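Heads up, there are several structures right after this.
In the two complexes that follow, chain A is the common piece, with chain B as its partner first and chain C second.
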Partner chain A sequence: MRVLWAIAEKDLRIEVRSKVVASQVLPFAMIVLVLFGLALDADRATLRSFTPGLYWVAVLFAAILAIQRSVSVETASSAFEALRLSGAAGWQVFGGKALAVAAQLLAVEAVMALGVVVLYRSSFDDPVLVVTAAVGATVAISAAGSLYGVLAVGMGVRDTILPMLLLPILAPVLVAATRAFDDGLGTAAVNGWSWCGLLAFFAGVYLVVGGAAYSVVLEDA
Partner chain B sequence: MRPSTSSRATRLLGAALTVGLVVLGLFAFVFTEADLVQLDAVRLLYVHVPVAILSYVGFSVCAFGSAMVLWKRSTWWDITAAAGAELGVLFAGLTLVTGAIWGRPIWNTWWEWGDVRLMTTLMMFLVYVGYLAYRRVVPAADVRARRSAIIGLVGVLNIPIVNRSVEWWESRTLHQKSTLGELKIEDLTLFTLMLGMVVFALVFAWLMIHRFRVGWLEHQAETVGLVAAMAERRAQRDAEIDEALAHPGVSSGSDR
Partner chain C sequence: MDTAIEVSKAVVLLDRFPALAELDLTLPEGSVSLIQGPNGAGKTTLLRLLAGLVTLESGRATVLGLDVATERRRIRAAVGLLAPTAMLYGDLTVGENLEFWTRLAGDRSGSIDAALERVGLSDLGDQSVASLSTGQRRRAALAAVALRRPRLWLLDEPHAGLDQAGRTVVDELVGDAIAAGATVLVASHELDRVRPLATHVVTIAGGTARRVEVLPSTSSGRSAEAGR
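And then the complex of A and B:
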């Protein structure tokens, strides 16, 4: 676990110094929220009822950028080679990268939550459910994204192929997170906790698959 | 001799499935009656149900082939996985199209966003469209095989979700639960449906064999092309060396 933490710490330290997520990914996510407001004609009732879906679509867009950033810090100076030579196991590298992406995404999501409260006048009726769903969805997105991000390494079309590969497999996560938020924000009468169970299932599956498969893709990265 | 993907066996298979398609057409349009509720739209189900099931088969072949690629690192299994995915995408696409055509008169809509089976089928289709797109952009065959095997394996998780979705989210689907096991369908209708499954299974097998052989020829062309390019480069280099030995003091083409 020490190696895993070290890799996560490395990525977070790079982010603290470069501030790419804070200065580019987060503003992008906020712009998407504003654009949704403009596209829906600034109708607050509509915005409030659609907040869960709009919020998670914006998170997915931001996640694509965060994952591409997570991969590019390794490819920019052939750092993947150093990671391979370091002797760290594939699952440790995968875990560290996914943990760092998850931490960055959770920070972005927290600011976006403030954004929907201010811009859409949404309210969080059940904060515990909202936080649980956000953590579950973020783990699933980070795990799947970290695996698929490295699959796209070494290709000129990485920026276009990654969303094409990643978004369909994250569709169930989007649905489950949206339904859980529907309950947590009081926008629909659903059982949010059962959707949290589905989020936990997908998070577990993507963690296991990513941990098992990462060493295979790392050797070609 | 010109490379071909046909053989005596596939020509016989092709003839059998052509006859089968004609017989299925007769049963679907002539011998069976229109349904009391669905009217003539029920005839689409003789295509829709078999192609839906065969799309699962295609994706399962892809997943099994992918697992074998990771285990055995075999080109044969890589080509099998790719062929399975391609047929899975074709049959899943047919499932979506025939379902939409059937849904227009029966559900009064081409597409129902609230239907969980429609959505999960579409997502499974898109996952494997991504798989096929990915295979086209990775140039190195061995890297392509290993990486796409992971995508093929992750994608197969969709099959149980699509298949069980009508039970798991009963209130969120217009699709009915499976009635085949309970034999609720009228006899001739059931027979025609089963005939459709057999005929489309033959179509699947015929396409699978040909797609595999095309994949194998592509692989050979890649390999032969590489060997030929290397031989050509060696011959060029040998000629340059011979020229340099024959005329010492004159720089060769490669030095310029």
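And then the complex of A and C:
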């Protein structure tokens, strides 16, 4: 775990210095929320009822940028090769990278939550459910994103291919997170906790598959 | 003397081009080898193969007794590679970079302050890597390699981009590695600079080792065909 924490701490320290997520990813996510509002003609009732879906689509867009940033931190200076040379296990590198992305995404999501309250006049009826769903979805997104980000590097394809690879994989997470938020925000009569269970399942699958597959990629990239 | 590197009929393809074409090479532990040859000869690919960073298409290679095909992770942990790029994070300071790689290396690593002093960067530990000159980045990368205390040093054009003092630092670090019993491979076009340090001179062309020259301390020198 020492190596995993070191990698996560390194990525977060780089973000504190560069402020790429704070100055680019977060404003982008907020702009998407505003654009959704404009596209729906600022009808408060419509915005409130669609808030869960709009929120998680915006989170996915922001996540793609955050994941691309996480990958570019390693590729810009060929540090990915240094990571391979460090002798660190694949699951350690994967865990560290995914943990850092998750921490950054959770911070972005917290600000975005304030954004939907202000912009869409949404309210959180069940904060515990909302936070639980957000954590589960964020872990799933970060795990799948970190794996696919490095896969794109390993395959030698351009990083513009990442959304094409990642978004289909994250569609179930989008659906489950939206349904859980429907309950948490009181916009639909569904059992949000059962959808949280599904999010936990996907998070677990992506973590296990990611940890195993990352070792192969780190070995052969 | 034990064998540090044993490569037999090694083929490495880069985008289907044979960067190494049935290369044979045997080097003993504790040796210092100058790898020379024209651009595109396969020098960098050889170093990357020995670092466990590229895949063998065919043939066999062992590094420090470890099989390149099956024990790459252990090989990577035992070697130090100075690549053409610094492999450091530009947004972190020099000290933070070295601290990070030290944490990943665990107990094998040495003192960061001592490493910075060794490469003449004592005053720049708190400066971001992005703000350093090319030569200073090169020195910082050297410090990162030295901190790993590798058993096998793989230096790719280590003198490139360095001033006279920096070049001396490289030579001194190679001297430190030799004194510690490490094996050193230096791919370089600066033959006059590296040859005095070398015990072997390996000439590579077209992805094969054309000639391996052993330089005994008497400097009389003798030659052997590659692979013998």
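In this section, the second predicted complex is superposed on the first by the 213 of 221 C-alpha atoms of A that agree within 3 Å, B and C clash if a C-alpha of one lies under 4 Å from a C-alpha of the other, contacts with A are read in each partner's own complex, and residues count from 1 in each chain.
FYI, contacts are C-beta pairs under 8 Å (C-beta built on N, C-alpha and C of every residue); 3 or more make two chains touch, one makes a residue touch a chain.
Everything numeric here is computed off the predicted structure, so don't read it as measured data.
Of the two partner chains placed by superposition, only chain B is touched by A:V216; chain C is not. Using the contact criterion defined above for the overlaid structures, shared-chain residue A:L85 touches chain C, although it does not reach chain B.
When the two structures are aligned on the shared chain, A:R121 is found in touch with neither chain B nor chain C. By the document's definition of touching, of the two partners only chain B reaches A:P168; chain C does not. Once the two complexes are laid over each other on the shared chain, residue contacts for A:A76 go to chain C alone; chain B is not touched.
Within the superposed three-chain model, A:A6 lies in touch with chain C and out of touch with chain B [touch as defined at top].
By the touch criterion defined above, A:R44 lies against neither chain B nor chain C after alignment on the C-alpha atoms of chain A. Residues 220 of chain A contact both chain B in one complex and chain C in the other. By the touch rule above, chain A contacts chain C in their complex via residues 2-3, 6-7, 10, 13-14, 17-18, 73, 76-79, 81-89, 219-220. Residue ranges of chain C in contact with chain A, taken from their complex: 51-53, 55, 72-74, 76-77, 79-81, 83, 85-92, 96, 100-101, 103-106, 128-129, 144.
Contacts from chain A toward chain B in the complex involve residues 144, 147-148, 151, 154-157, 161, 164-165, 167-169, 171-172, 175, 205, 209, 213, 216-217, 220.
Across the interface of their complex, chain A is touched by residues 70, 119-120, 123, 126-127, 129-131, 133-134, 137-138, 143, 146-147, 150-151, 153-155, 157, 161 of chain B.
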